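Two complexes, one shared chain (subunit A), two partners (subunit B, subunit C).
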Partner chain A sequence: MLGQILYALPFLAQGFALTLWVSLLVVVLSLIAGVLMGVGLVYGPVPLRWAVRIFSDTIRGIPILVLIFFVYYGLPAVGVHLQSFWAAVLALTLFKTAQVVEYLRGAVASIPKGQSEAAMAIGLTFRQRLAYVIFPQAFRRFLPPWINGVTDAVKGSALVSLLGITDLMQAINQVIGRTYEAMPLYIFGALVYFAVNYALSLASRRLERRFSFIRE
Partner chain B sequence: MSANANAALLDVRDVSKAFGTVEVLRAVSLEVNRGEVVSVIGPSGSGKTTLLRCVNFLESYDSGSIRIDGKEVGYREAGTRQRRSERDLAAMRAETGMVFQSFNLFPHLTAAGNIMLGLRKVRGKSDAEASQIAEHWLGRVGLAHKADSLPAELSGGQQQRVGIARAVAMEPKILLLDEITSALDPELVGEVLAVVRSLAEDGMTMLMVTHEMAFARDASSRIVFMADGSVSAAGPPAEILGTEIKNERLRNFLARFRASHF
Partner chain C sequence: MGYALNFNLIWRHFDKLWGGLLLSLELAVISIAIGIVIGLLLAVWYVSAGRMVRAGIAAYVEFIRNVPLILLVYLVFYGLPTVVDIAYSAQTSFIATLSLYSGAYLVEVFRSGLEAVPRGQIDAGKAIGLTPWQRLIHVRLPTMLRITLPALSNTFISLFKDTSVASVISVPELTYGAQWINFNTFRIVEVYLVVTAMYLLTGYALLFALRLVERRFRAAR
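Then we have the complex of A and B:
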């Protein structure tokens, strides 16, 4: 039984690498898009705020699975043909972006107005205020939900297997298809996902302490 | 050289502002000359703080004109309501220091870091220069030993003194003080006022909103009494806070004030 896992290990490792690759792409792309849109939501002109609000509310109201199928099977109807890999990345990124927007809005909203005013009063421009006053403080509030979201992204990436992409989940299913050893392989898979996410949580806790304003 | 060496440093003319249908400022005019300390007193809701916040354009105003050193604040020209660009506004605000009732220190930066931020990013000073200036001003406010402390590690009075140091380190043309002792425990008020007094002695031009009548009397060149969004009385301290007051609203305000402060 263990032997079969060991035998399949290189194949499973490839799947795991793809899981990490998808997760990384989704996390990085959604962070960039989400922060930009979040800033637009908080500080932008009214039409932009509305656009971001509608995007975020819509996306967050759709099950991620529906989103994945929509992007892969639905978009070709309007002439957008994406490879399964990129369709999956796009769908997961849209989903994550909508969450990052909310984390950012919440984090920035938690900074008292007086902070912006004090930063204005010493003559900082809008960008400088964000860079040196608002974001460093908002970061501390942004981090815990965002890391949570990152672990969600790693777990959610398992859904890409539904488009036939050989990520860890799909690799496990294929090995089970050959060996009929469902239990040990799913346990193995669960442990791998858990290990990644547990490591992320630990890193998060460290970062939170690092960015606390009160020395211990 | 400034544009008008003889004109008032701060010239507020007929400034009006409404929040929705509530008129908070009604054609307010006042002048502050170079080196003068002008105190604004009045009941809460009289528009004092709003006026102060218009001077560095933390609030916009609907009509009238505010000039600092001959230059129109906030809008491109007095007549138009065309806001200045973000960059212009930032540059103008750097010329006015502001100290807030709630301190508003940056909690993620040390006392020295709070002072250095503007020096480095707005004034373009090197780290070494900025740190030297911060050290100087922390010394002036009696907190040289707290340079590396975070705001959370300081008392209210100490935080407010850092707030003052942060504002004056930028060498503003005028310092705006917005009820800077109102959030302090009574025993900490003195140390903050002592710093303001010493700045006044150095010739710093100041416009302050305050409830500290004794301090306003001792430290101001002039006192402005505001009520219902307009200047109701203005003059030297002896006249405004004296015993023979003709202005009825001022008389009532002072009577109420004295009653609540013994």
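Then we have the complex of A and C:
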């Protein structure tokens, strides 16, 4: 039983590497897109605010699985051809971006208005206000939930196995297809996902405690 | 582009989607009902138990929360029958999985809810001579449920979306219906547009209805 897992270990490790690679891409891309859109939601002109609001509420209102299938099967139908890997990354990034938008909105909203007014009073430009006053403070509110939310990207990445991408989940299913050792392999996989995500959520909790001295 | 939208085939097979939506709701309702029972029992046990039991409950909660739902679904449907001698349908298997899944989230919700019950209420219960059991049933649980109602409705809506994972073991819920139409008619964009609208409308209708319920039962300030 353990022999089967040991024998398949290099293959499973490859799948795990792909899971991490997908998650990393999704986390980085969604961070960039989400912060930009979040700033648009909080400070942008009304049409932009509406656009971001509709985007975020739509994406968060449907299952990730539907989003993944929509992007994967839908894009080629309208003439956009992406490799399945990139279709998966795109779908998961859309999902994560909507989350990041909400984290950012919440973090910025938690900064008292006086901070921004004081910055205005001493003549800082909009960019300076964001860079020197709002973001440094909002960062401490943003970081803990964001790190915790990275686990959603790792967990969500298991769904890309349905597109035939050999991530950890798919690697496990393939090894089971060959060995019929379903239970040990699923438990092994669960423990691997657990180790990654639990480490992330512990980090998030620790940061939250570290920043808890801040009173507004 | 060159893709002309044509919804005719979607309407012809709409029963697949409508039946799927009803099944999704059914799966979510049954699972949260069982999840609430699991969550309540474990939360009450947790706050009164010793270190070992607490560690056990925390392990269950952390395990479920940190493993992808799809893996849990596979584990229960394909893995479990290989080690224990039981047979169940895909639907039963998914309900069991989603119940355990929602139970783990609800333990946390109820546990923090129990901690948020004002001390004065419990003391008042003591003062009028209620036993610990009566205090739990008549004082702590009702107040806790009012406090946790918003978190409860959020969990329910998120479970409704999670039922889409049942499609991977061929439970004919809404996402499965979408896949079926996708593969059989190739009206890909149309079917996912319709299904997106169905998830959104149902989700927001539920949210609206549950907010009304919350307002009715809001904890007294």
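Following the convention adopted for this analysis, the second predicted complex is superposed on the first by the 204 of 216 C-alpha atoms of A that agree within 3 Å, B and C clash if a C-alpha of one lies under 4 Å from a C-alpha of the other, contacts with A are read in each partner's own complex, and residues count from 1 in each chain.
The criterion applied here is as follows: a residue touches a chain if its C-beta (ideal position, glycine included) is under 8 Å from a C-beta of that chain, and two chains touch if they have at least 3 such contacts.
Keep in mind that what you see is a predicted model, and the values were worked out from it rather than measured.
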- prompt: Looking at the overlay, what does A:Tyr198 touch: subunit B (first), subunit C (second), both, or neither?
  reply: second
- prompt: Touch check for A:Thr97: first (subunit B), second (subunit C), both, or neither?
  reply: neither
Message: Taking the superposition on A as described, I'd like to know which of subunit B and subunit C A:Gln115 touches: first, second, both or neither.
response: first
Field: More subunit A residues in contact - subunit B or subunit C
entry: C
Query: If you stack the two complexes on chain A, which partner ends up touching A:Leu124: first (subunit B), second (subunit C), both, or neither?
result: first
Contacts of A:Tyr132 with subunit B and subunit C, given as first, second, both or neither: first
- prompt: What residues of subunit A sit close enough to touch subunit C in their complex?
  reply: 58, 61-66, 69-70, 73-74, 77-79, 151, 154-159, 161-162, 169, 172-173, 176, 180, 182-183, 186-187, 189-190, 193-194, 197-198, 201
Task: Spell out the residues on subunit A that touch subunit B in their complex, using ranges where they run on.
output: 112, 114-115, 117-126, 128, 132-133, 136-137, 211, 213-215
Field: Sites on subunit C touched by subunit A in the complex
entry: 1-3, 62-63, 65-72, 74-75, 78-80, 82-83, 161-165, 167-168, 175, 178-179, 182, 186, 188-189, 192, 195-196, 199-200, 203-204
- prompt: Which residues of subunit B touch subunit A in their complex?
  reply: 56, 58, 86-87, 90-98, 100, 102, 104-108, 117-118, 121-122, 150-153, 166-167, 170
